[in-house]
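Chain nomenclature is as follows: A, B, C and D, assigned in order of appearance, with residue numbering initiated at 1 for each chain independently.
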Amino acid sequence: MSDVNELARVEAYSDGVFAIAATLLILEIRVPSVDPHAPLAALVHELAGLWPSYLAFVISFGTILVIWVNHHGAVRLLHKTSNAFLYANGLLLLTVTFIPFPTALLARYIETDLAGVAVAVYAGSSLLTNVAFLLWFAAMQKPVYLLRKQYSRPQLRKVWMKLAAGQFVYVPAAIVSWWAPRPGLALIVAIFIFWIVMSFEDRSLI
Amino acid sequence: MSDVNELARVEAYSDGVFAIAATLLILEIRVPSVDPHAPLAALVHELAGLWPSYLAFVISFGTILVIWVNHHGAVRLLHKTSNAFLYANGLLLLTVTFIPFPTALLARYIETDLAGVAVAVYAGSSLLTNVAFLLWFAAMQKPVYLLRKQYSRPQLRKVWMKLAAGQFVYVPAAIVSWWAPRPGLALIVAIFIFWIVMSFEDRSLI
Amino acid sequence: MSDVNELARVEAYSDGVFAIAATLLILEIRVPSVDPHAPLAALVHELAGLWPSYLAFVISFGTILVIWVNHHGAVRLLHKTSNAFLYANGLLLLTVTFIPFPTALLARYIETDLAGVAVAVYAGSSLLTNVAFLLWFAAMQKPVYLLRKQYSRPQLRKVWMKLAAGQFVYVPAAIVSWWAPRPGLALIVAIFIFWIVMSFEDRSLI
Amino acid sequence: MSDVNELARVEAYSDGVFAIAATLLILEIRVPSVDPHAPLAALVHELAGLWPSYLAFVISFGTILVIWVNHHGAVRLLHKTSNAFLYANGLLLLTVTFIPFPTALLARYIETDLAGVAVAVYAGSSLLTNVAFLLWFAAMQKPVYLLRKQYSRPQLRKVWMKLAAGQFVYVPAAIVSWWAPRPGLALIVAIFIFWIVMSFEDRSLI
């Protein structure tokens, strides 16, 4: 099997995990129980009350989508794989697979007095995903250089900085959210929008 | 990686999400609990009473299948991707992933006095999916034209009209079903059959 | 996109559904609840008591695997697709996706007085899958002939007979199991083994 | 369809099952229920108490990943398939699909007096997976030789020994863990690390 096919299989497995992690999120939104003879407004009220679940679903689905778009862009830079890269990819997938858990936690506690813990855990989990993504990007370059040759050090550094921005957002977000959950959540949403915008601006490398 | 391979990866990820969303629907049909010493007829009666679950399963599975066939047809028209297209595709997948929730709601409440809300939510969710499909089709043409060149404006307009027909069905269905749930559901099934028939008639473009 | 790629996408989507339906089966085997201070033998006893779940898991996983091997063999015969074929394939996937439900029913009731209903429903569900497979095989030949040309009528007839054998087993199995569930289940296992043996014997066509 | 495409489909189906089995593991980690007006520390305490679930998740995810890396390496050695190989592959996937069940059992009972049973079942399940992997590797060589020709008997024997090492660990682990669960679990983690290290050292063959 050629290296191109090997990369294709890494992508197929990764795409499978991304697709499933994104799709499992819907299982956390449960159909509310309402007395079947209640007025229509009662069910509408219950459905509206699920807004934290809808919001958590959209944020997590969007996060996985952004990771997928970036993963997709970065794999285009490769011409072969290494075992270190395969395990770094596995670690990244592990953190992506974990996402449904903090998502469910967020949906469950965002409206309660315990919102601080839920947002902090969500920020912490996002931080782990971000660290895994940085390791994954590093494993493309060491111990074996897997990239197609045309990328200069400043170009690679620029991508690295863009990814590492997550560190400077998730750590403060985790700390802030302990006392002020909503500003913490706003930081998480902000970096998410930053990455979407960046992926439009600079498509040349990643 | 060539643009052909890039399209292949978009298809692989989309197919994964379509396949999983369709398959997760079965998790909403729960095995009924019957006293193990009851007569056989008691379990048969309970299984027959699950008909709203079977119906909702078939409608939603069919809807995802029709979207898959159309998605499959439309991607054949492309020769490259853009980031706007990738995010529009992500939005479409988000709405498809959401389908198991209104399906479970429909199965749970279709036989109760609250059927109106369940059908209205189902119609509303179908409307969102339809809007996402229209945006996705628009993102194929702007800001970058991704289609292979041989399609004329009247041809593209015809496809658009066929897709946009959903708007003229789901909005009335959502309103009607509030007072008359079954006619509302009939409208949803009708547009679903219309798209199946159309996909047979006009395979030249989509 | 060439017809070869179109077939590849049908296979990818089908493989996704097969893989997920097979994997979801494990969710029906639930960890037993035992008092944490009970003797070790108590948990062993509970785990051993789950044998109907293990058996149902293995039968259904095996069934999906046999369908996958045959699906895989049959698609090799094609050189293009039609919309009728795509919808017949969708119908086949619908019946495969349904399998976790009768599997859970079988696991739940096989040891009770209600085993007859559970086996009859399982046989009925297998019958539907078999009918869908026959329709799918027919859709390869009409209204458009999708097969690569080298297959003679007797060859195709032989495959058809092998598949249609399911009809002559599942209908009696469903009837018999009403009064005698275990012989009914034995019939279902027998046809399953027959197909595995046949797939070894005659690999030339399907 | 060429043999290369046939192998591609085996990989696609296998990757689907691996990806889903790995991702379903997260469903076993449940959001804890805490009184919404409790102090933040109460939820933190509950989340910390889920450590057996996190540990089980990481071990099982890692195990599936190691199997995937080895599967991926071994399929590279093939130039065609046989039905015996397809069924051996199916058996391997069956044991991989089963992994979420002993994982959930381990998470549930590792901290209780019943830990011995949970670790023994986990070791037993790992043993089955290992036997299936050995059968799968054997089916590559008999009754038809599917490997590309350049592999000598000593080379194949070396791979076999590396895989078969599992036998010499899982059997003692299952026995030991009955009286001493934690040393039993340590053995399972040790062979897991051994395989990761080996896959770095000897990438030439598998």
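As a convention for this text, a residue touches a chain if its C-beta (ideal position, glycine included) is under 8 Å from a C-beta of that chain, and two chains touch if they have at least 3 such contacts.
Just so you know, these numbers come straight off a predicted model, no measurement behind them.
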item	value
Longest centre-to-centre distance from chain D, chain (CA-based)	B
Interface sides of chain C and chain D: same vs different residues, half threshold	different
Rounded Å distance between chain A and chain C, as computed from the means of their C-alpha atoms	36
Distance between the centres, which are taken as Cα means, of chain D and chain A, whole angstrom	25
Multi-chain contact sites of chain A, meaning residues that touch two or more partners	12, 16, 20, 24, 27
Complex contact set, residues of chain D against chain C	1, 5-6, 9, 12-13, 16-17, 20-21, 24, 27, 83-84, 86-87, 90, 93-94, 97-98, 100-101, 104-105, 108-109, 112-114, 116-118, 121, 178
Of all residues in chain B, those that touch chain C in their complex	8, 11-12, 15-16, 18-20, 22-27, 29, 31, 34, 36-38, 40, 42-44, 47, 57-58, 61-62, 65, 68-69, 72, 75-76, 196, 199-200, 203
